[in-house]
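Below are two complexes that have subunit A in common, paired first with subunit B and then with subunit C.
Let's look at the complex of A and B:
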């Protein structure tokens, strides 16, 4: 029996039916999309958005014309600018129409927040590069060539580095550098790079230990033995079969952790004062927070950098976790 | 238990691999347990050797150490393994091991290997050993593993792994050529030769497919010498037959030499030209595969026991051997003086051999036919065994 014969249709109902089916289809699409998103990895989405925002901020920071902004504010000032309610302190008055307010020099805090990404973006990348390169190298060598002087020596070196708390190591190194440099003006960029290098080195034992354990575990796997039996070189087995194919989750995780950790360290040191972190003349999230605590900025201005710091670190950590898990889950 | 301090080994004529007096040990607490005791094999050029023995007899570890594929400590500490692959001079991958190893094989009444020297130079020997093994692999050797899924990198596609193996034989191959090579080897092992198969991950393969990929991987390096370590273990009977047929075809063509390690006697009989039997870390018999075919032929009592058990299993009745001697003595390597098989030996039980000698001396390998040796004190092994079994049946 044809089931269509049981359904009575007339032309008018047919036209209404098309519209209704389209509407139902749209609703169904929306519901399905929501259901799909229910299964989506929120950490991955959130982390990706944060990274896009960070990269976007860093690019935007390169195009911010500070002089033009100041000129605009000067015009406002001469014409008798209005004071925003709740944004006034003894040192600073707020300009209306600026998102997140302004500092005492008249710069918009929103622009300063964007500009502050310059203080950590490339140094954090440099820090990650140093940690990933040396951490992977030392961990892989110690893990693969076990039972010899190479393993003992590498582990000793890592233990010595790890014996110093990371933050203290960075503070000591930067302090040492500042004390011995006669030209403080030239020291600004160098200090950031030194901070990045020291944090990278301080993080090497963490990464090296993770890679050491991973390589050691994989080295006992039969596929490594099989690769050796098939005539592949140790370099190929270690570099491709173990590190590239199997340690990528660890590397991805630590890359994002360290990036976030660098933001935290840079912010903390800058908050402590110009002798530890980024000098006050350079925009930095830590300097903004320090400005708020010293009364140089309006108290409400603390919201912007605080949210930016927390969101960035959270997003990067989430993204590291999500990508690491995706690497592990995707191919097994 | 005899090993000279400076043995002068020579490759057997027409052999691609000659291993003599190989000792392999593993550290257990404070002692070194010898898991291979004076192991010897001869693989003829263009021939396949079957290495059989029950589980725990040390056959896999023996061959793995000959190919440098084991991480046991201290590992091999005595003997010689001379490969004559290619046109170059023979390579002894265990050259001078006796002079450098910190341990020496037990002598006289000693049960375990003894530490002979501090072994400062042992790491240097190992480094040189690794170089020799690398040279050996460059000459063309392949290995088919027992557990194919474990032997494939779980994070790399089948195609990637096959293309790598192709590039071992052809280092200058382009990506396109390597891919074509990989597809060629897929076809050789009766897998669908297309890009879809290349794109699969190991966990997407069935047991039979994984074993075929493993065989393709071993062959892709175009080896002249190949080892198959229990290649059909864990497969169902249908797939097992297919794999044996495939191995038979592959090993039968060209001048491929190799070793098949197994306790599946019918498979060994089908694939191999020669047979070496190991029992608890020792080689007890070596000779042509024809010795397997005839149950009444001259052979070591243990070999005959293996044959009878295989036949009994095939006939579907309980494995009961002639002679009535209790045959369940456990498995694994044992140490001790005298013949280690005597507790299960029908000849010994029937008193057809000098019992004191069996308890005191390790039986030497004696020629019982042309190119056929057994480790037994009995002068006429086959006769004594037949008499013992006849007596046991009547009793």
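Let's look at the complex of A and C:
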């Protein structure tokens, strides 16, 4: 810099210089932020958007009023002898005034797609809570107290549970406990509850194995030895130093995996029929798709539920993968 | 000798898993409304005597105090024309005595050990558990269903493995890294679709015929099973990981430098991880086949399990589930035994006691 300019500064020139420096700095910041997004994890962003949309849909479902709009189209019918006029329902079609048309019951499809989140949201949360609790407990205990009957017994129990295909376990529970209920309302509630409980239990071996490996690896770390040397109890070391401080990303990853898997199971069973999933009067993405199965491939009634199902499962799986890669120690 | 010991351990583990899994399911059934331990059959009074154990309802049982008599206690002969109500008294054992009509008294159900070991497992070994909802023997119904389902499941597994091997070879050959990532992502998106969505869309798009014939339906099931429910996607990711690990090994690198066929050197090393992945996939496919069979109306174990759940026929459902866990455990046993024979490190590690 010219030393003369330090002594003889023109105020006008100086103000211009500050302004231009600020402007250049702002532009540089914006460009750097945009460039930084190149390295952003798209899976994390996509998954987060999906989760926000699911939660928003569930909240919206509690407030929306579904408009039943059954419209009829006048058609010509022939009996072979005479031609007469008749009416044909226009459900599962595009309808003026409705964003995505209507579903097979005549309700606005856009509203029922939101309402359908009620069929899986809280049962999925319950399923995840069961899996997280029992999976963490069994995996942590087996991983920390290695080499004894506790580890062998826990591993045998987890092997037994893992031997059942998850969907078969759900069907067994429904067959043993729900099929004898004659009250349809109670049967639906019981069915969703059992679905949530059984899927949670069936997922326990997967989570327990992941926690078992993590706890086993962390046991040999120096911070654990230091904690033991300080006289901390096993409960504190395991509960806080290992699980809380280091295993939360594992739990978060499996939470999203299981949530997505619950959506898959619930929509699959609802697609098969009201005896296996939720009845037709309760909207579910599965029964919305089944109800409009005779519609055209590129109609909103077919594309809407399909996209909702695939996007939800994909987003939750991607989010789980991204959390695992980004936050888990030792995971590549 | 050590090999025999290892194989024996694995067989023992298989038997333990099978027995315990059937025990858990039988326990669930025992506490359900359709429990076989409930009293159901009426007492045959010609063969009953005072002091016998009888039940006043499905769950409450006690000791018979009196044979059937009229309410007044008179001995009225049954001439076949006059309807005479007779009563019995049952001591329930908790200090209470209940009087019920003789027609309402029931023979007590079996105890859990007697039913589980005698009726169920004894029936499995003698091939006679009991009748299903359609009157046919339960085991015959399960075997008929298995003849439809097992080819579909193992066909889907073989198809998934072959397609994954081809895809991994193609992806590693592809010279453009960005194309590789894009193709992998598209395959994962296709694979993550649930089986029923895939079947529905493929039928609508005309890729799969509709309505399906009896000889096309199994093929359609295999196609949607090996792609959907992340079946193909997971295998692809796991095999790619194994391939990358193996590719970085020195002996593969040396073989490449010498101009030898990498495929010839890598394939044997990939077979064991592939076998482990495939064995783990069997349980998954046996669950997904329920949906696939119901979409294409294949009368296999999947469709049978849903029918048994809704009828309800708990004995058929129990037998079916035990059979499925038997298949899953058997596949794991075969994988473990093959590992023992193929991988000498397992026998050496056991010999050194490490």
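Here is the rule we use: the second predicted complex is superposed on the first by the 260 of 332 C-alpha atoms of A that agree within 3 Å, B and C clash if a C-alpha of one lies under 4 Å from a C-alpha of the other, contacts with A are read in each partner's own complex, and residues count from 1 in each chain.
Keep in mind that, in the parts below, a contact is a pair of C-beta atoms (placed from the backbone, for glycine too) under 8 Å apart; a residue touches a chain by one contact, two chains touch by 3 or more.
Source: prediction; values computed, not measured.
Peer 1: Identify which of subunit B and subunit C touches the larger number of residues of subunit A.
Peer 2: So, of the two partners, C touches more residues of subunit A.
Peer 1: When the two structures are overlaid on chain A, which partner does A:29 contact: first (subunit B), second (subunit C), both, or neither?
Peer 2: So A:29 meets neither subunit B nor subunit C here.
Peer 1: For A:245, select first, second, both or neither according to whether it touches subunit B, subunit C, the two together, or no partner.
Peer 2: A:245: touches subunit B, not subunit C.
Peer 1: Which partner chains sit in contact with A:174 here, subunit B, subunit C, both or neither? Use first/second/both/neither.
Peer 2: second
Peer 1: Between subunit B (first) and subunit C (second), which does A:159 come into contact with in this model arrangement: first, second, both, or neither?
Peer 2: second
Peer 1: What residues on subunit A touch subunit C, complex-wise?
Peer 2: For this pair, the touching residues of subunit A are 156, 159-160, 162-168, 171-177, 179-180, 264, 267-268, 271-272, 275-276, 286, 289, 293, 297, 302, 306, 309-310, 313-314, 317.
Peer 1: Over in the complex, which subunit C residues touch subunit A? Could you list them?
Peer 2: 13, 16-18, 20-21, 24-25, 28-29, 32-34, 189, 192-197, 200-201, 204-205, 229-230, 283-284, 286-288, 290-291, 294, 305-306, 308-314, 317-318, 321, 324-325, 328-329
Peer 1: Where on subunit A is subunit B touching in the complex?
Peer 2: 148, 220-223, 225-233, 236, 241, 245-246, 331-332
Peer 1: Spell out the part of subunit B that touches subunit A in their complex, as residue ranges.
Peer 2: That would be residues 67-69, 71, 123, 134, 137-138, 141-143, 145, 147, 150-156, 164-165, 168, 201, 203, 214, 217-218, 220-221 of subunit B.
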